[in-house]
Amino acid sequence: METVQLFNALTTIGLFVFAISGALTALRNDMDIFGVSMIAFVTGVGGGTIRDVMLGSFPVWWIVSPSAVFICLAGAAIAILAQPLIDSRLKALIWADAAGLAVFSVLGAQAALAVEAPAVIAIFMGAVTATFGGVVRDVLLNEPPLILKQDIYATAALIGAGVYVGLLAVGVATNYGVVIASLATFAIRGAAIIFDIPSPKYARPRKSEQE
Amino acid sequence: METVQLFNALTTIGLFVFAISGALTALRNDMDIFGVSMIAFVTGVGGGTIRDVMLGSFPVWWIVSPSAVFICLAGAAIAILAQPLIDSRLKALIWADAAGLAVFSVLGAQAALAVEAPAVIAIFMGAVTATFGGVVRDVLLNEPPLILKQDIYATAALIGAGVYVGLLAVGVATNYGVVIASLATFAIRGAAIIFDIPSPKYARPRKSEQE
Amino acid sequence: METVQLFNALTTIGLFVFAISGALTALRNDMDIFGVSMIAFVTGVGGGTIRDVMLGSFPVWWIVSPSAVFICLAGAAIAILAQPLIDSRLKALIWADAAGLAVFSVLGAQAALAVEAPAVIAIFMGAVTATFGGVVRDVLLNEPPLILKQDIYATAALIGAGVYVGLLAVGVATNYGVVIASLATFAIRGAAIIFDIPSPKYARPRKSEQE
């Protein structure tokens, strides 16, 4: 498969699953059909949009690739139609989110490397691309950010982007690097979900301090 | 009237009413006078700013048109002075918001068409321009987003932008299209407020699922 | 000292203290180590990033100056290590925030003047640079924005930026202007913290109105 086709396929997957996660969150908030579609779109394209803005790649990617709109609308439609069949929307949301996280952390790092950002910035941009669609979703819906509530979330994205940058640095071909790093990210995030792995922390919260 | 004058007049109206809505929300939160002015400004220019960033139109519009600052400060001053006379700040806020929504959905779509964005993107940008000033206002003030609580809100903006793009497509002159589409949007939003029209939805929320 | 060295030194201070404030807030929310680092970074660079985007200065400043990442990580590490020694994390947070506010309001106004923005925009950009790192921090962590809860906060930033623009206008040298205006901002904010000075307001909140 050509690299550009692989990237397009992974972008489509990432958009689709993030759109589903956005739509599920919006449905839990009793939004109307257009609101659900809009949140699905914002969740899908949000992380990559923030990345493009930081890097100065204008117009942002989905302006010139309006198929993103239709992929996100398809994700919203699937979420709406499938939800009576879904046992736990929260669980479906967390797994859709994990898939998007895996794909977008790697694609985000790649986009930063493509404009010759330093490695440390590329890794950070991978995490931004992967997590900020969900952050925008949660902020718009006034929900406690999933990035906060879930252990090993931003962490998984940073590791995934780091693995990708590392693989390229040791000479692995782009196509293999993208696939290996995406699967590694999904495995890490999935293990954290299944085994409920706690992240390394330094202290218990002292919420009582907040006045 | 020249098209550019019409656009400037409508922009002034939109800025002014959104600034009032921002100031009213800030006043409800007991902010100080500079805070109120800042929220008024951010609410007024927020949607168009996000649109300009997405489209890659830099610097964003109000940097080169600082009269926007003064229009927003005037809106903040009016809100401060008028509030003892206002029966319900929430009601005044909702109607000011409706007027801003009507004007900015059409102007936002126009701005996207002006840089040759595809029709579907232009419609989406209309909704972004119209709704994201209010979203930023609500996010900054930690209030549940009005876009969420109000039925037929983003929906009205999407329809308004769609009507405008449609009118131009069938050959209606820009000036007439702008006015007709703005009035249509205001009528839709106003009807939703007055008659408390519910939006099409697919399921009741199952909030208990959120742990 | 050369102007560029002075600016770099002040930027380092601002980044460092805002990173500490971000890390302290994240620690209070029980985030994992990577989450804490990410919030520290976003708090440090957030205000200047939004300023750069508004002004159309791309790529945003820290992309080409990755030392910002390491300064913020250092701030996060200090916050993590020092927190058992800190009596009140909320108090430490407020003072770190005050120092960042002082430095970034002046640097933000300077950055806007450097691209020939009008004076009123430069003052506003100073306040944006100084306050929006903290706003992004609070929004990401779903906390009530400090900008809202603290009196004379955005106000201090606006005054600081205004003092700086005013000093340059009357012919004070850049270096002296930066230092004087920063110290003035810190003094104003510090006095507000110590003496709990209320800001000028126009009305008591009528929260009961919010349904």
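Labels A, B and C are assigned to the chains in the order they are written; within every chain, residues are numbered from 1.
The rule is simple: a contact is a pair of C-beta atoms (placed from the backbone, for glycine too) under 8 Å apart; a residue touches a chain by one contact, two chains touch by 3 or more.
These figures come from a predicted structure and were not determined experimentally.
**Q** Just how much do you need to spin chain A so its Cα atoms sit on those of chain C, in degrees to the nearest 5?
**A** 120
**Q** Taking all residue numbers used at the chain A/chain B interface, answer same if over half belong to both copies and different if under half do.
**A** Chain A and chain B contact each other through largely non-matching residue numbers.
**Q** When the centre of a chain is set as the mean of its C-alpha atoms, what distance in Å lies between chain A and chain B?
**A** Here the centre of chain B sits 28 Å away from the centre of chain A.
**Q** Which residues of chain A are in contact with two or more other chains?
**A** In chain A, 53, 58, 139 touch at least two other chains.
**Q** In their complex, what parts of chain C are in touch with chain B?
**A** Its residues touching chain B are 53-56, 58, 115, 117-118, 120-121, 124, 127, 135, 138-139, 144-145, 147-148, 151-155, 158, 198-207, 209-211.
**Q** Write out the stretch or stretches of chain B touching chain C in their complex.
**A** 27-36, 38, 41, 49, 53, 58-60, 62-63, 66, 69, 80, 83-84, 88-90, 139-142
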